[in-house]
Structures are given as C-alpha cells and as structure tokens.
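Have a look at these structures, which come just after this line.
In the two complexes that follow, subunit A is the common piece, with subunit B as its partner first and subunit C second.
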Partner chain A sequence: MSELQFQAILPFVLLAASSIVVILLIAFRQRHTVIQVTGFLMMCLVVFTMWQVRTVLPRALPPLFLVDGFAAIFTGMIVFSVLVVGLFSFVYFEEREENPREYYILLFLATLGGAVLTISKHFLSFFLALELLSVGLYALVGYLRYRNNAIEAGMKYLILAALSSAFLLFGMALVYMETGSMDFAFIVQRLAATRPANSVLFIMGISIMLVAVGFKLALVPFHLWAADVYQGAPAPVTAFIATSSKIAVFAVLLRLSQQIGLQQFPVFTTIFSIVAIASMITGNFLALQQQNVKRLLAYSSIAHFGYLLVAFLPGNTAGVEATIFYLSSYSITLLSALGVITVMSTRERDAEDIADYRGLFWRYPALAAVLSIALFSLAGIPLTAGFLAKFFVLAAGVQANLWLPVTVLVLASVVSLYFYLRIISTLFADAPAAEERKHTLHPFFHFATYATLWVMLFLLCWLGVFPGMFLAVVRDFLLLR
Partner chain B sequence: MQLLFYISSFIALLATVMVITRYQPIHALLYLVVSFLAVAMIFLSLGAPFVAVLEVIIYAGAIMVLFIFVVMMLNLDKETAAQERKWLTPKVWLGPSLLVLVLLGEMIVLLLKGNGSALPGTTVPPRAVALSLYGPYLIAVELAGFLLMAGIVGAAHIGQHKKKHLHRFLEEKSTIP
Partner chain C sequence: MILVIPIIVLLLGGCSCWLSASKRFVVCRWIALVAMLAGLVVFSSLAMTYRGGVNGTAWLIDYRVNWIPAIGISFHIALDGLSLILQLLTYFLGTLAVLCSWTEIRQRTGFYFFNLLATIAGISGVFIAMDLFLFYFFWELMLVPMYFLIAIWGDSNRRYASYKFFIFTQAGGLLMLLAILALYFIHGQQTGAYSFGYFDLLQTTIQPSAARWIMSGFLVAFLVKLPMVPLHNWLPDAHSEAPTAGSLILAGLLLKTGAYGILRFVLTLFPEQAAAIASWAMLMGVIGIIYGALLAFAQTDIKRLIAYTSVSHMGFVLLGIFSFREIALQGVVMQMLAHGISTGALFLLAGMLKERLHTREINKMGGLWTLMPAMGGAAMLFTMASLGLPMLGNFIAEFLVLLGTFQVNSTLTTIASIGLVLAAVYSLRMMQSVFLGPLAISGTYRDLSLREWVIIAVLSCSIVVLGLYPQPVMDLVKAALNNIIHHSSGGI
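Moving on to the complex of A and B:
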C-alpha cells in the first residue's frame, strides 16, 4: 500500500480505531460521559480527515476498494448522521436500565460497515461490509433486552437480514458463475466479451442480489420488518437504521448500477419502476391510520425510498445529484423528528403514541417547532429541505420522461399530507394537564441535545432556501472520479 | 469423475432436508454435521483441499461439537440419561452414519486416484490461499476481524446475566457496573 493509498483510506482506519478506543476506555472503567465525548471527537476527526484527504482522491486500492468523491460524500453523510445519533444517545441511554457503554462499540462498528460499503467495488468487500453493518444492528435493535418489543424486533431483524444475506450470496454466486469476475467494473466487460447481454443467469443473479438491497432499504415487497423494527428499537437506533444504514446501502446500489450500467437493461428499469411505485403507494397508505409515531415514520420511510428510486431510475448525473440531496435532506429531517422522540421519551417507554404529543406546543414550544418543521419537510412543504429534494427528484424523473412514476409520486405526496398534518394538528390541540418532567442529567448534555435539535432545524431551513452552496460542494466531489 | 461431485451434493441436500424436518435437536444436529462434511467433500472434489479441511475443522468440528455439548448439558440428570439411552435406537444413528460412510468411500476413491481434484480445474494449495489472503485481500481479513468483534460484543451484551435475588434481604443497593 503506497502512502497516497493509505491517506485515502485514513478516514476509514480512524473509524475502525474509534471502536477500539471505546473498548479500551471500557477496559479502563471510564464513565459514560468520557466515552461519549471521546466518541464525538473521534467522529469529528473522521469527518475532518475525509475533508482533508479529498486532494488525493480518487484513489483505487485494488482489488477491493475505490475511494473517490462519491464515496467521500456518502461517508460524510453517514458519519454526520452517526455524530447526531451519538449526541441523542447520551440522554437516552443514561436514563435507561441497560449499561450504555457497549452501545458505542456496536454503533461505531456498524458505522464502519456502512462507510466501507460506500467504497467497495468488489462483491467480497460489499458482502463483508454489509454483514458488519447487519451484525452491529442485530445487537443494537435488541439493546434494551428486557423489553418485549425490543427482543421481538431484534429477532425479526436477525432472521430476515440473515435470509437476505443468503439471497445476496446466491446472487453473487450466479453472477460470478456467468462472468468469472467479482469486481463491479469487470463484470460487464467479461459479460460483453463472452456472453450475450441478456444472459438469463446474469439477470437472475443481479435480481436476487437486489432482494438483499431491497430488504435493507425496506422497499416493497421486502418492507415487512420495517414497522416492527422501527417501533421496537431504541429511538436513537431507529434513527441510525433510518439514516446511516440506508444511506450506505443506497451508496453501494448506486455504485453497482453505475459500474454495471444497470439502467441499460430494460428488465431492471422495469423492476425498479414497479418497486418504486409499489413502495410509494404502500408506504403512504399504510401510514394513513397509524397512531404510533415510530411506525408512522417507518411507513413514511418506505414511501420516501420509493420517491428516491424515481431519481435513481434515469441513471444520469442529475439523478445522482438529486439522490444525494434527497438522502441528506431526508436524513436531517428524520434525525430531528427522532431526536424529538428521544427527548420526549420517559424512562419506562418511548414516546411513540400520538397521544403523547397532544398539545406539545403549549408545553415545549421548541420541541413542537422542530417536530413540525421536520414533518413539513417530510411532506414536502416549500421553504424546507424536503420540498427542494422532492423537486430535484421530480426534475430528474421528468427529464428522463418517466411519466408514470412521476405521476404516482405527486399523487402519493398528496395522500401523505394527510397524516403528516394530522400529527401537526395534534401538536397544537388542547393540552392535557402538563406533568412536570424531572431532568436528573447533567444540564450540559441537555443543552447539547437541544442545541443539536436547533442546528438540525437550521440546516433544514437553510437547505430548503439556499441549496446552492451544498449542491456546489456535491458537484465538486462528484467530479473526483 | 463428476459422479463424486453429484453424490456429495445429493448427500448435502438430503442431510439438510433432514435437519429441518427433525423434531429432536440432537438428531437435527447429527444431520447438520453430515451436511457440513458433504460440503467439505464438494470442496475437495472441486480441488480446494484447504477449504475442505477448514470446513471440517471449524464447522463440523468446533462449532457443531459446541452445539451438541450445550444441548446435552441443558438436560443432565439420571432420568434423562435413561431416556437418552432409550432414544438412541439404531433408527437414529443409522441414517447419518450411512451417509457419512458414503462420503468416506468417496474420499478414499479420490485419494486413491491420486491427482487431487475430481473435476477439471487447478488444485489450490494452502500456500496460494495464504498468499492471496495476506496479500491483496489483507483489508478483507481485517474487516472480517471487525465483523467477529461486532458479533462477540453483541452476543456478550445480549447474553449478559443480571444478578437474580431470591430474597429481598439479599438484595444489594449497588447495581452491576
């Protein structure tokens, strides 16, 4: 490995080191606070390093990895989400019955898996990184193991994720059998050289691999786990699943499709259109009568990844930019919504019933403001990031003449307004007698959590009004390839 | 000599079907061992002796023996011992033993034949495996290490016991660290 290659992979090495640092801190019996602060600083360091090493990009580490601007953006988004999730975790886990310290090891290992997914260009690294992400998540989902929902969610996630890994491996085996290569870039070359382009085994193999990807992204018809896992997992872990894990899997899907030219095959565009349309419709209709906020966010995430596929379908640069903007605005939105849920949760249970939020505005105006802006953004109301994100997706779809998915997207968004606005109207309803909540924690961490929520709120509005600067950075990074 | 490959594949499929249809865990585990041995035989006939040996040592050897020990330790007393003796009828052990005998026969045929692999292709010696694992795929090996670490930390957390107090006088104020 040359020095430049090492520099390119340095952020990932730091990410791996951070989990070991946490283990060492636990071995030396450090307190939760110390671990939290160290983890925060390590994540900041990773983002900083990623920014610094952009000058040596793109750099390939054959045969497994390719660190380019695309990977840098996605890694940045993943680590940023984990940074915020980590901040919320302190308040949440400090009050809970479980020892919170192993949580950070698992969180950072899962993040490492996600980050490595963004740079992998080989089936081997793809599978290893996906497994690292999943194995970390099994334990994270069931972390509060004395709660019934948690165990149920953990088991569901474990069994379905293991099954989807089996699908992934089988698909990879079929593709390898047909082309004799596991490197994304070489697959198509070999295929073109030796076989007809519509080889049945190749198409079968890729489709079976897409089952695993669809499972991780909770696309219809692989969405059955989403609501239960979102509900059963601790709120910060839900935020991690909804943001980092999905961003990582989407990154590897984008890279696979770019290198193989997935959109050149009519059969795959058909599959993706059907999946996108089904996800948009199913997600929104399941959410309509939902009384549990976490489940509602799960269904809305199914629908949102359906929207995202509309930008993925054209397979051009505009589509990639739209997906990146969409993913970042979506993750900021969900982080702020789940942040509010985290803050509202009591020691015994997560605040997940809509009834818990009745009259929130009269009790905690700040939290209500953050939550309503986040829901506006999810619904795609102007002046929030969600509106522009949806606009870019629509533009990418219209450019490529994808009329059917675009029409469904617009209609589904209209339906989704109903349940987002339903929650917002609950926030402003008559307040029940307000019970005082005691904050036994260190006031600094409460301040930090609130400050994070305000920063999220600011980012949502800023991306919604002045997206130019963010898009310019994204374009600069995408040129590094 | 493709016949060897097909026989061991058939045994692997048969044994796996038996695993998922047995009611007694021990019986299922016995068939699972057979299934692993058959997969090892497939690797051997494909010309990958090192992977075959690993399959036997790690899966059939370490992991399965661990499983069987745990299952046996769960019910240890005299009554169950008597009951186990009653269960251990030829009907139970005959199936797995026959399948393993077939596999053994295959291996003897393969060894007597002399040139390593049954199917056309190159034989991969351990040296080549080691050189590629610690050469180009070094980062993958390290990632696998992190994967195992995630598994261990997760299992340690989920499996952790909280102290149970039978009487409230024995209860201490301090909780576990």
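Moving on to the complex of A and C:
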C-alpha cells in the first residue's frame, strides 16, 4: 500500500479506531461523559481528515475499495449524522435504565459499516460492510432490552435483515456465476465480452440483490419492518437508521448502478419506476391516519425514498446531484424532528404519541419551531431545504421526461400535506397546562442539545435559501471521481 | 432595490413583533402598523413619480441579482403599472388589516402579527417577482402564514378550513411548479441557456401540444386562487373561518394573485393556447358569476354570504381577462381594486358585528341600524358598491368588463349582466335582514369606535374616488396592459 493510498483510507481507519478507543475507555472505567466527548472529537477528526485528504482523491485500493469524491461526500454525510445522533444520545441514554457506554461501540461500528459501503466497489466489501452495519443495528434497535417494543423491533429487524442478506448473497452468486467477476466495474465488461446483454441469470442476480437494497431503504414492497422498528428503537437509533444507514445503502446503490449502468437496462428502470410509485403512494397513504409520530415518520420515510428514486431513475449527473442534495436535506430534517422527540421523551417512554405534542408551541416554542420547520421541510414548503430538495428531484425527473413518476410525486406530496399539517396544527393547538419537567443532568448537556437543534434549524433554512455553496462543494467533489 | 426594502421591512418587523410581544404586546401592534405604513409610503411615492409612465417601456423599475446561478435562478424583481397598483392595494389593505386586528386579537398577539406581516410580504413579492422560481417561492411564502392565521385564530371550524385552504392551494401550486420546470427545460434545450427568468422564457417557442399541458399547469394554480367554479370549494370555508384581518387579506389580496398570475404569465407565455380556451374560460366566468350570486342569496352566515359574492365578482375578472380587449382588461384591473376595497370593507363590517354580537348568523340579527346607525350607513354604502351602483368603483369595473366582452361574445355578456341583477337581490337581502326590520336583539351595543371610524372613512373615500375619477388608475396601468395585449396579440 503506497502512502497516498494510506492517506486516502485514513478517515476510515480513524473511524475503525474510534470504536477501539471507546472499548479501551470502557475497560479503564471512564464515565459516560468522557466517552461521549471522546466520541464526538473522534467523529470531528474523521470529518477533518476527510477534508484534508481530498487532494489525493480519487485513489483505488484494489480490489476492494475505491475512495473518490463521491465516497467522500457520502461518508461526510454519514459521519455528520452520527455526530448529531451521538449528541442526542447523551441526554437520552443518561436518563435510561441501560448502561449507556457500550452503545457507542455499536454505534461507531455501524457507522464504519456504512462508511465502508460508500467506498466499496466489490461484492466482498459490499457484503462485509453491509453486515457490519446490520449487526451493529440488531443490537442497537433492541438496546433497551426490557421494553416490549424494543425486543419486538429488534427481532423483526434481525430476522428480516438476515433474510435480505441471504438474498444478497444469492444474487451475488448468480452474477458471479454468469460473469466470473465480483468487481462492479468488471462485471459489465465480462458480460459484454462473453454473454448477450440481456442474460437471464445476470438480470435475475441483480434483481435479487436489489431486494436486499430495497429492504434496507424500506422501499415498497420491502417496507413492512419500517414502522415497527422506528417505533421500537430508541429515538437516537431511529435517527441513525433513518439517516446514516439509508445514506450508506443508497450510496452503494448509486455506485453499483453507475458502474454497471443499471439504467441502461429497460427492465431495471421499469422495476425502479414501479417501486418508486408504489413507495410514494403506499407511504403517504399509510401515514394519513397514523397517531404515533415515530411510525408516521417511518411511513413518510418510505414515501421520501420513493421520491428519491425519481431522481435516481435518469442515471445522470443531475440526478446524482439531486440525490445528494435530497439525502442531506432529508437527514438534517429527520435529525431535527427526531431530536425534538428525543428531548421530549421522558424516562419511562418516548414521546411518540401525537397527543404529547399538543400545544407544544405555547409551552416550548423553540422545540415546536424546530419540529414544525422540520415538518414543513418534509412537506416541501419553500424557505426550507426540503423544498429545494424536492425541486431538484422534480427537475431531474422532468428533464428526463419521466412524466408518470413525476406526476405521482406531485399528487403524493399533496396527500402527504394532510398528515404533516395535522401534526403542525396539533403543535399550535390550545395547550394543556404545562407540567414542569425535572432535569437531572448537568445543564451544559441540555444546552448542547438545544444548540444542536438550533444549528440544524439554521442549516435547514440556509440550505433552503442559499443552496449555491453546498451545490458548488458537491460539484467539486463529484469531479474527483 | 427600493422594491425589496418594503418586503425586508415587513419580515424584520414581523420578527420584532414576535420577539417584543412577550414583554409588551402593545408595542408589537405599533411595529406592525409602522412597517405597513412604510411600505405604503414607498409605493405611494413611486406612484406619484411614475404617474405619467416612462416613455418607451412598460417597465418602471428593474432589479436583479444572482441567487442560485448554477441553475439559472436569479432574484429578479421588476415593477410595471399593474404591479404598482396592486402593491398599493396590498399595503393599503395590509395597513387596514393591522388596524382591524388592534383589539380583536388578544391571544398570542406577537405571533399573530408576525404571520400577518409575512403574508403581506409574500403577496407583495408575488406581484413583482419576474423570475419564475422566485415567483413560486413567494407564492408559497404567502400560503404558510395564512394557514396559521386561519388555523390558530380562526373560528370554531378552523382546522377543517385551514387544511382545505392549504391543500387546495398547494395542489395547484405544485402543478404550477411542474409546468415551470417543463418550460425551463424546453427553453434550456432550445437556447442552451438555462434560466427561470420571465423575460427569457417569453422568447421560448413551444410545441403546441406541450404548451397546452404547461399552460394548464399554470392555469390550475391561478384558477384555484381566483377562484373559478368548480375549484372555489375552499373559499367559503376559509373566508368564513378566518379572523377578520384574514378574511380581508384573503378576499382583498389573495384572490388578486390568481388574476394577476393569469394576466402576467398565462396570457403572455401561452398566447395561442390561451386564445384557444378563451371561450371556455369566459363561459366558466359567467357560470361563476351566476352560481356565486345564487349561492350568496342562499346563505345565512354573513361571512359565507360575502365569500360567495367574491366568487361572483371574480367571475367578471375571468370573463374580462379572456376577452383580450384592452378596455375589458382595464375593467379587470378596476374590478381587482374595487372588489378588494368593497368586499374587504364588508368583511371588516362583518368582523365588527361578530366582535359585538358573537354570531355570524343573519337570522339572529335584524334592525341593527337603530342601535348602530354609523355602521349601518357604512354597510349601506359598501353594499351599494358591491351591487354595482354608479358612482362607486365596482360599477366602473363591471361596466368596462361588459363593454369589452360584448364585442367578443354578446350572448355570454348578456347572461353575465344578469349577475348584476342577482347582485342587487342578494345584497339587499343582506342589508334588509341585518340592519333593517324589527330589532332582533336586546342590550346596548357600541357604535363605531374612533379607530373603526378611521378605517371605514378611508375605505369609503377610496371607493368613491375610484368610482368618480378612475382615470389615474387607467393611466398607470395602460402601458402594462398594452404590453400584455401586445404579447398575446397572436391570440386575437
């Protein structure tokens, strides 16, 4: 391994090191606060290194990895989300019954899995990274193991994820059998050289692999786990599943499709259109009457990944840019929303009932402002990042003349307005008398959590009004491929 | 630059209202009033400056900075006579909206004025945005605070009304967004320069089949706002449930954005297609006139009644626009002003009645003239305006519209003029059962207070002036309307 190659992979090494550091800290019986602060600094270090080494990109580490600008952006998004999730985790787990320290090991391992997914260009690294991500998540979802919902969610996630991994392996085996290669880039070359392009085994193999991807992204018809897991998992873990894990899987899907040229095959574009349309419709309609905020966010995320597929369909640069913008604004939005849920949660239960939020604006204006702006962003109202994200997705779709998915997107977002407005009007409804909440923690951590929420709010509005700088950075990085 | 200042002042004023209200809620009313008056002063002085027009061009002021240059979005605002007159209306009614909320809103005052000012800022932006992305941006910006105004300070059925308002408008808006994008890409592929600028997009030549779809995207958004029957469904609920200032802004300003959008964008961007559907649009306008009038007659809720008269009056706007005659368009502009003032005034009076009697039911009122003669007189004046009595603004407007359309389609014009008769029927019924007849209530009620006197006096003066001497308005918008006619001349 040359020095440049080492530099390129350095952020990922640091990420792996951070879990070991946490293990050591636990071995020396350090307090939760120390672990939290160290973890935070490690994540900042990862982002910083990523930024520093961007000059040596793109750099291939054959045969498993390719570190390029594309991977750097997605890793940046994943690590950023984990930073925020980590901050929320402190106030959340400090007040819960379980020992919070091992939580960070699992969180950082899952993050490592996600980050490695973005640089993998080989079936082997793809599968290993996905398993690393999943195994971390099995434990994270059921972390509060004395709660009924958590156990149910953990089991559900474990069984279904294991099943989808089996599908993934089977699909990979079929593709390997047909082409004799496991490297994304060589698959198509081999295929073109030896077989007809519409080889049945190849198409079947890829389709079966897509089942696993669809499961992770909770696309219809593989969405059945989403609501239960979102509800049962601790709120910060829900945030992790909704953001980092999905960003990572989408990154690998994008890379796979770019290298193989998935969009060249009419059969795959048809499959993706159907899945996109079904996800948009199903997600929004299931959310309509939902009274549980976490479940509602789960259904809305199904719909949002349906929207995202519309930008994925054209398979061009505009689509990739739209995807990146969408994923970042979506994760900021969801992190803000779930952050509010985390802060609102009490020792006994998560604040997931819509009734818990009644009149929130008159009791805690700051929290309600964050939550309502996040919901407006999900609904795609201007001045928020969600609007521009939807706008770029629509633009990508219209440019490629995908009129059916685009029209469904518009109509589905009109339907979705109803349930977002339902929560928002609850926030602003007449309040019951405010009960005083007891804070046992050091005020600094509450301050930190609130500050994070404000930063997220600022980012949402800033991206919604001045996306120019962000887009420029994305373009710079994408040229590094 | 001068065009941006009022909007910024409104937004800053709104924020400071919100912040200051927690300490002293009296302060925030004054902040709101000053912010509105500042805008009114700016645009009045502009109107004085440009009353003679600028030679050679319809555009008086043009201001442009890049916003998101990567995809051809600029912050481009420009002012012509049409925009100017609508801006005047916006800030005029905005000031009155602040004044009429002075004592009505007792809860959450700061947030209320924030929303009020933000709505006005959005409306003000809609009338000057010359970049289609920016236009959409403002179009949505006025929607959210209006939703809050209805949903928080509205009447008993406010949740339903606010959902309906938001979802109807947003559905139209998103279809317009699709149309804007389609137009953007067609233009980009033709010229190689991707831009959302209105003046760039005017140069686009579009396949007729595509143009028809794109135009309908725009048209749906504008016709929902206007509203055209059968897309008017949200209007009675929203108008009747909103607080008084909300109804005033909805009727006086929000409906005008629909008419403005058709004039500015549909007619000029898609002249042939607009001409192709003109007779249908005129027919829908006439149906709106008659249908709105009939339904207004049947209402027992005074705010719903006034809301349906809006449907009827907006029918004249639709009829006039699609006749493509300059004189009819003059009438349309007059109708926008006169309807804003007269219907706004009626909503204000209804709000004052509700503040005193705590009901909107006409059946529970009666003989109020003896208790409140001043209010009765004012109501009589604006009822007469609304039914189109000569000397008052609405008469000029409806007369010009009918005059213009008669040359195009005499049958429809004849039917539309029946609307004037029906207007007399519903207006007089309202007057009769609220202010005349035997006294239906007991107790003592205050007549107009000084603040209400000021509001009503200002409105009365303006409606009379518009009726007696409409020439300045016509001079101001003449160049702008000629410009629109010129662009859509392919249609005639």
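Throughout what follows, the second predicted complex is superposed on the first by the 481 of 481 C-alpha atoms of A that agree within 3 Å, B and C clash if a C-alpha of one lies under 4 Å from a C-alpha of the other, contacts with A are read in each partner's own complex, and residues count from 1 in each chain.
Note that in this section a residue touches a chain if its C-beta (ideal position, glycine included) is under 8 Å from a C-beta of that chain, and two chains touch if they have at least 3 such contacts.
As the structure is a prediction and not an experimental result, all values here were calculated from the model.
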*In the superposed model on subunit A, is it clash or fit for subunit B and subunit C?*
fit
*asked:* Quick check on the superposed pair: does A:64 touch subunit B, subunit C, both, or neither? Answer first, second, both or neither.
replied: first
*Just subunit B (first), just subunit C (second), both, or neither: which does A:376 touch?*
second
*Check whether A:261 is in contact with subunit B, with subunit C, with both or with neither, and answer first, second, both or neither.*
neither
*Give one of first, second, both or neither to describe whether A:145 is in contact with subunit B, with subunit C, with both, or with none.*
first
*Tell me which partner A:132 touches in the superposition: subunit B (first), subunit C (second), both or neither.*
first
_First (subunit B), second (subunit C), both or neither touched by A:472_ = second
_Rounding to a multiple of 10°, what is the angle at subunit A's Cα centre between the Cα centres of subunit B and subunit C in the superposition?_
150
*Figure out whether A:414 sits in contact with subunit B (first) or subunit C (second), or with both, or with neither.*
second
*asked:* Considering the aligned complexes, could you tell me the closest Cα pair distance between subunit B and subunit C in angstrom?
replied: 40
_I'd like to check the shared interface: which positions of subunit A are touched by both subunit B and subunit C across the two complexes?_
none
*Would you mind writing out the residues of subunit B in touch with subunit A in their complex?*
136-137, 139-140, 142-144, 146-147, 149-151, 153-158, 176-177
_Interfacial residue positions of subunit C with respect to subunit A in the complex_ = 67-71, 108, 136-137, 140-141, 143-144, 147-148, 151-152, 159, 162-163, 166-167, 170-171, 174-175, 177-178, 181-182, 184-185
*asked:* Under the stated contact criterion, what part of subunit A meets subunit B in this complex?
replied: 9, 16, 19, 23, 29, 61-65, 99, 102, 105-106, 109-110, 112-113, 116, 124-125, 128-129, 131-132, 135-136, 138-140, 142-143, 145, 154
*Considering the complex alone, what residue numbers of subunit A touch subunit C?*
362, 376, 381-383, 387, 391, 394-395, 398-399, 406-407, 410-411, 413-414, 417-418, 421-422, 425, 428, 466-468, 471-472, 475
